[in-house]
Amino acid sequence: ATLDTVKSRGFVQCGVNAGLPGFGSPDSAGNWTGLDVDYCRAVAVAIFNDPNKVKFTPLSAQQRFPAIQSGEVDLLSRNTTVTLTRDTSVGLNFAPVTYYDGQGFMVNKKLGVKSAKELNGATVCVQSGTTTELNLADFFRSNNMSYNPVVIESNDEVNAAYFAGRCDVLTTDVSGLAGTRAGVAPVPDDHVILPEVISKEPLAPAVRHGDDQWFDIVKWTINVAIQAEEFGITSKNVDEFVNSKNPDILRFLGTTPGMGKALGLDEKYAYNVVKKVGNYGEVFDRNVGPGTPLKLERGLNALWTKGGLQYSAPFR
Amino acid sequence: MSQAAQQARHIPSGEEIIRCTGVNKWYGEFHVLKNIELSVQKGERIVVCGPSGSGKSTMIRCLNRLEEHQKGTIVVDGIELTNNLKNIELVRREVGMVFQHFNLFPHLTVLENCTLAPIWVRKKPKAEAEEMAMRYLKRVRIAEQANKYPGQLSGGQQQRVAIARSLCMNPKVMLFDEPTSALDPEMVKEVLDVMIGLAEDGMTMLCVTHEMGFAKSVADRVIFMDRGEIVEQDTPDSFFTNPKSERTRLFLSQILNH
Amino acid sequence: MSQAAQQARHIPSGEEIIRCTGVNKWYGEFHVLKNIELSVQKGERIVVCGPSGSGKSTMIRCLNRLEEHQKGTIVVDGIELTNNLKNIELVRREVGMVFQHFNLFPHLTVLENCTLAPIWVRKKPKAEAEEMAMRYLKRVRIAEQANKYPGQLSGGQQQRVAIARSLCMNPKVMLFDEPTSALDPEMVKEVLDVMIGLAEDGMTMLCVTHEMGFAKSVADRVIFMDRGEIVEQDTPDSFFTNPKSERTRLFLSQILNH
Amino acid sequence: MTDNVQSVGLPDERPPANTVGPIAWLRNNLFNTWYNAILTVLVLALLGSAIPPFVDWLFINAHGLDASSAVCRKDNSGACWGFIGEKLRFILFGTFPYEQQWRPLLTIVIFITLLVASCDRRFWKPWLGLVWIAGFLSVAVLMWGGVLGLTPVENTLWGGLPLTLILSVIGLAVAFPAAILLALGRRSNMPAVKVLCVTYIELIRGVPLISLLFMASVMLPLFLPNGVSIDKLLRAQIAFIMFAAAYMAEAIRGGLQAIPKGQYEAADGLGLSYWQKMLKIILPQALAIAIPPLVNTFISFFKDTSLVIIIGLYDLLGAGKAALSDPSWRGFYREAYLFVGVIYWIFCFSMSKYSQKLERDLNRSHRR
Amino acid sequence: MATQTRTTGGAPAPGGSSFSLSDPTVRAVVYQVLVVGAVVLVGWFLISNTLDNLARRSIATGYSFLEREAAFGIGEHVIDYSPKDSYGRAFLVGVLNTLKVSIIGVILATIIGTLIGVARLSSNWLIAKLASTYVEIVRNIPPLLQLFFWYALVSDGLPPVRSALNPIPGVFLSQRGLFVPAPSADPVWTMMGIAFLVAVVAAYVLRRWAKARQARTGQIFPVGWTALGLMIGLPLIAYVAGGAPTALDMPTLKGFNFVGGMVLSPEFFAILMGLTIYTAAFIAEVVRSGIIAVNWGQTEAARALGIPSGPTLRLVILPQALRVIVPPLTSQYLNLTKNSSLALAIGYPDLVSIANTTLNQTGQAIEGVTMIMGTYLSISLSISIFMNWYNKRIALVER
């Protein structure tokens, strides 16, 4: 089973984006940061109680599915859209959505484009092997417009081509656009993200078919982060909740045992995750929130209680 | 010793060391050896001659299984040459061979050329092998070149080294395949002298050569081959003065005139 | 005709066809030809000999400008060899050359080898060129191989083809650069025979060779070269029996003993 | 004809002045025909117009190693060596921990020393193998650490030139014996063995390296038992070894083919066994002949290591590109590629010169 | 001792078949069984693992996905393609793109390589040095780096599309590539094409006639120049006769991009440049060594016969040099084709790039990779079949 393999190996092997600021990218010393990266760390904490017992494999969009299928990585946390074919023919099980996104377009301000509908005839930079590539084709097809795709394998190269002026338009998930604009653009203010969002892009970590226990662990590790935010538990105040009056919270944090054991993990795994990684909101704010260069609002990713879509199934 | 050898001349021991019976060989469809019958006595010196392509090389190469024959039997020193690798190896230890193009190992020194087989095949200690090699190198008068590489020697010197290399295995029979024909004329003599010395010492020899002087002075028997058959075999005296077959006469006239 | 040629022996026509005056040549700093003075009469047969590296090849290669000389004049058939391409081509048409290594064109048949130059240089119709080629091939006794490729022939046959190829241009002079020294001994004779035939027919010939038999029987004059100079030139009789210079004697003693 | 003895012992003279010396050289090499003269003038004009601006860009107008990108962007008439100044260590060593970068530096030094030493034929002795093994061991210790008080460093952090050298040199060393076996197998007279070797060699040589790398990097675990996994770097290394073995086998086969039949016969005639014959007689000679093509294989192999960028390893080229993706240095690709290119070039060029020299030496020794 | 036959390991008659390990045939069989057994074992191990893994992870297998709609766009296609088409067709587009860049690359690299190779042998020192500098620089730098360089040169070094360079009217050079006018549809173009074909046929007929005449009379006719004249002249005449239409489909800046005309995209340009420049260096070496491999004696023999340098080259040197050149040349062609897979790195949609996208969208990695390898292997195989055929055809006849 994957859990045993991971335990005996001593770390989680996690497939991430090679260079998408805010979601997965290494700094020049090789330290990985980002929202997707943090969920890898959360899984590592759930198993080992150590956010560093994880190794990252940077994957291009083309490489990610063969890599997870083949067992090259235990967990794919690489802004991957949940789709039916990926679930079925690629053979993936998707954990709860960590980021609700949609595909958008970024253009240079100088072009004066205000809407995606004005993009007829444009040259579009897109990363190969993504749903983005497919949505792009669909969008132009349905609006009876033509476009000229420049399809490149690595994210870095796509961005480089766009900023060099090879394309008029860069398309990817809106979050990715924001990340690129903030982290990669020479002058971020030269670029605007167009208002249209042309697709639903629920991004979620994925594991292979065939190991339900492992799937459960990943699923309920992510739910921990969401649930913790709902409870108002953060990495700073989690210790105050250990002796809370609320039986839900006691079960959640493992003070009342049962949940961890059921997953094959430490009873206090949820406590550890919150303590070492933080709740959903903390992870979001740390990596992509308004305080970061990406300056993303919670939007759809707000808790369901606040009008968003983030919703954890109950811990019981 | 040399005198004793001289005595041995024309009086081979009577013990048979090589016996070919009905040996036939084909290259594909081409019948290259036809019903070869040959018996060699210990101490005999045989010269094989014949026109180019008549199968001389092929015949003597069959004697140590560098070529495989397809019909008939070849027995060397009591060992029959069959597919059995053991037998082949045994025979090759006892049969030395000297080639037209020397085939020294260019990446080894003269001394190493000579000690290689004794060390690896006869499993001799290195010192002993070297000592013996030096003895034979002295005998072919080339001991002072022992640490040179073959490429640094003249053709005649190389061929003498090749002879010494074979002798180091203490073979019972030596085969020579046109040992002088790749040499510049001025070097032929030095090699022939070494071979004559060997013959005088009583070594059993089979020698393919066109050096008729050598044949006349050294051979106990001359074998004439043509188109894969042994046409005639005789003592040098009667072979040269009184060839029996027309083909032999023709051949002799060509080779002696030139 | 052959008789007439025999008559012509030792009585060259007196017309001068090649004249070298003070020819000097350097390879870089190396002085390879020193003050060569040479005059060749029509119908003369000259053998050039000398130790290796003495400049024999270089000298006869200057005669058809395969090498360029740096000082002195060379006049062939009345045409001076200068940098003028026209002159050079004219001279080359009149001077045939046979090389040590034959230099046949391996991708053409024997017949094509012979017709190539007549067709492209003399602009002959194909049929005529072939007819002539066959005539010369017959003369070198190889007509039956006309449609084979050079690779299928023995060395001696190849060299005969090379001679025929030169003859097809109807040259006035033939140059031979050691035409037999790359041949197996049994093939030397067939080539020499062809050359003797040519000589008997009165062809003007300059031949670098070590075949002293050929020199004795055919040459009108033997030229001995050493270190880039013509040391001695004389009729074969007096050259071989009574060499004047020490160097010649040394050379002859080496070459005749072998 | 009267004067039989013409002259004796003429002294060597110096050639006429117009055939040697610089003027003659110019005439013979640049202006020997009218069209050559025209070509010469044209080429000189072309060079005259191309070289000065390039030199200007490269040196005269260039910004020094300490220039910032802002300075360079303002005046872009010259190269911006500030880029190299800032990114030098990143390009050379990748993401290896900054204060530990003396370790990859030492690794580079060790590799270069080994390579240079191996070029000298005097050192072609059995102990050279031991030196190489020692070299590999010390490189392993340096790069991984974890012993002798060195901090352990994950191999995911390795990058730059050491990675390039590790992939190519170790790949070559391991592929070599395999290549020998393949080459012997291909020349074997056992049909099954031969077919297998030929199939392997032709299969590998028939497909692009990047498809092999792709397989090795993301699909390998699919072929292995569930749960068995191999380190990513190691996998790229394995792909390279498989690849190099096939190509080197062909080089070695060329060497084997060049050994005259007489050598086999002489060995047989002396009674040596198959392996004795191969190890003592044939291979030493065949490998010597095969060295130049082997070095050429190594050169292309060295260049091919740059393909690991496609599977996400940061070798020299990968690190160079990564350095370029820093927003503040975007667009200085000329400097980056020039710098990386020069490093590759120095390695490949010296190897190819060496291989040519070897070829000449070997030819000479063949000619006696 | 003398006559009794000593035997070891049995006494097999020649050709007899007693079973002994010292019989080389027996040995060979045993070795081969062992080796094949080992290979089969390893193969079986890998395949069973794969099947097991595929089943465990319930990954779909089979090639039926090729008929499904691809739904992604491809920037460059030789045949019609839209996202509505199937994966199979998308792959075909990739194969054709690979072939396109390979074929054009091969032609260009051959031309440049031959020029450089001949230049290296030039008696002009400067030209020879320049050519060898080119060779030494280019072949010692990884092709991928050169590719990146060319791509960066176009996409970073050229002006944006709005301020495209316009060196000649109608020709625009920008980051979007090179736009040139395309002749607008007109019957004259077809006529010119026909005229060209006629010229080719005429040249062929002329050649035969000239050959026959030379055989008959010995006169030599300058076929080469005449043929060249025909091939340029006839289409020109057709052009003028058709009224010399000057209507061109001019590229014009409309919206984001130039429309109309013909375009050379930066990706295509970079991959083509990279491959051509790189391979040309190797071809130059091949050509050079082919020429010097022809024995100098051949030239001398031809000279001594008085054959001028033109015919010497054509009739003596080239036929022999080609024998030496063609085999390594084809393997350079093969290398170029394989190297075109580097297109992946800069976004030219070659077969690897499209197969990778496909296998990513469908999750069928094994099928994708087998398709890539299968295609390359068939290309390699066809080339080596050609090579064997060629070698047999030109082999010098030997004894």
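Structure notes:
Per-chain residue numbering starts at 1, and chain names A, B, C, D and E are given in the order in which the chains are listed.
Keep this in mind: contacts are C-beta pairs under 8 Å (C-beta built on N, C-alpha and C of every residue); 3 or more make two chains touch, one makes a residue touch a chain.
Since this is a predicted model, take the numbers as computed values, not measurements.
Among the remaining chains, those touching subunit D as well as subunit E are A, B, C. Taking each chain's centre as the mean of its C-alpha atoms, the one that lies farthest from the centre of subunit A is C.
To fit its Cα atoms onto subunit C, subunit B must turn through 165 degrees, a value rounded to the nearest 5.
Centre-to-centre separation between subunit B and subunit E, using Cα means, comes to 55 Å. The centroid of the Cα atoms in subunit A and the matching centroid in subunit E are 43 Å apart. Taking the mean of the C-alpha atoms as each chain's centre, subunit C and subunit D sit 51 Å apart.
If each chain is reduced to the centroid of its CA atoms, subunit A and subunit B end up 84 Å from each other.
The multi-chain contact residues of subunit C, meaning those touching 2 or more other chains, do not exist; every residue touches at most one other chain. The residues of subunit D that reach two or more other chains are 214, 218-219, 221-222, 226, 310, 321, 331, listed in rising order. Subunit E has residues 53, 56, 152, 156, 344-345, 356, 365 in contact with two or more other chains.
Across the interface of their complex, subunit B is touched by residues 260, 262-263, 265-273, 276, 280-281, 284-285, 288, 365-366, 368 of subunit D.
Of all residues in subunit E, those touching subunit B in their complex are 1-16, 20, 22-25, 27. Across the interface of their complex, subunit E is touched by residues 15-17, 19, 69-73, 75, 78-87, 90 of subunit B.
The residues of subunit D lying in touch with subunit E in their complex are 29-30, 32-33, 36, 39-40, 43-44, 47, 189-193, 196, 202-203, 205-211, 214-215, 218-219, 221-226, 299, 303-304, 306-307, 309-310, 317, 321, 331, 333-334, 337, 340-341, 344-345, 348-349, 352.
For subunit C in complex with subunit E, the touching residues are 64, 66, 89, 92-93, 95-97, 99, 101, 103-107, 116-117, 119-129, 148-149, 151-153, 162, 165-166, 169.
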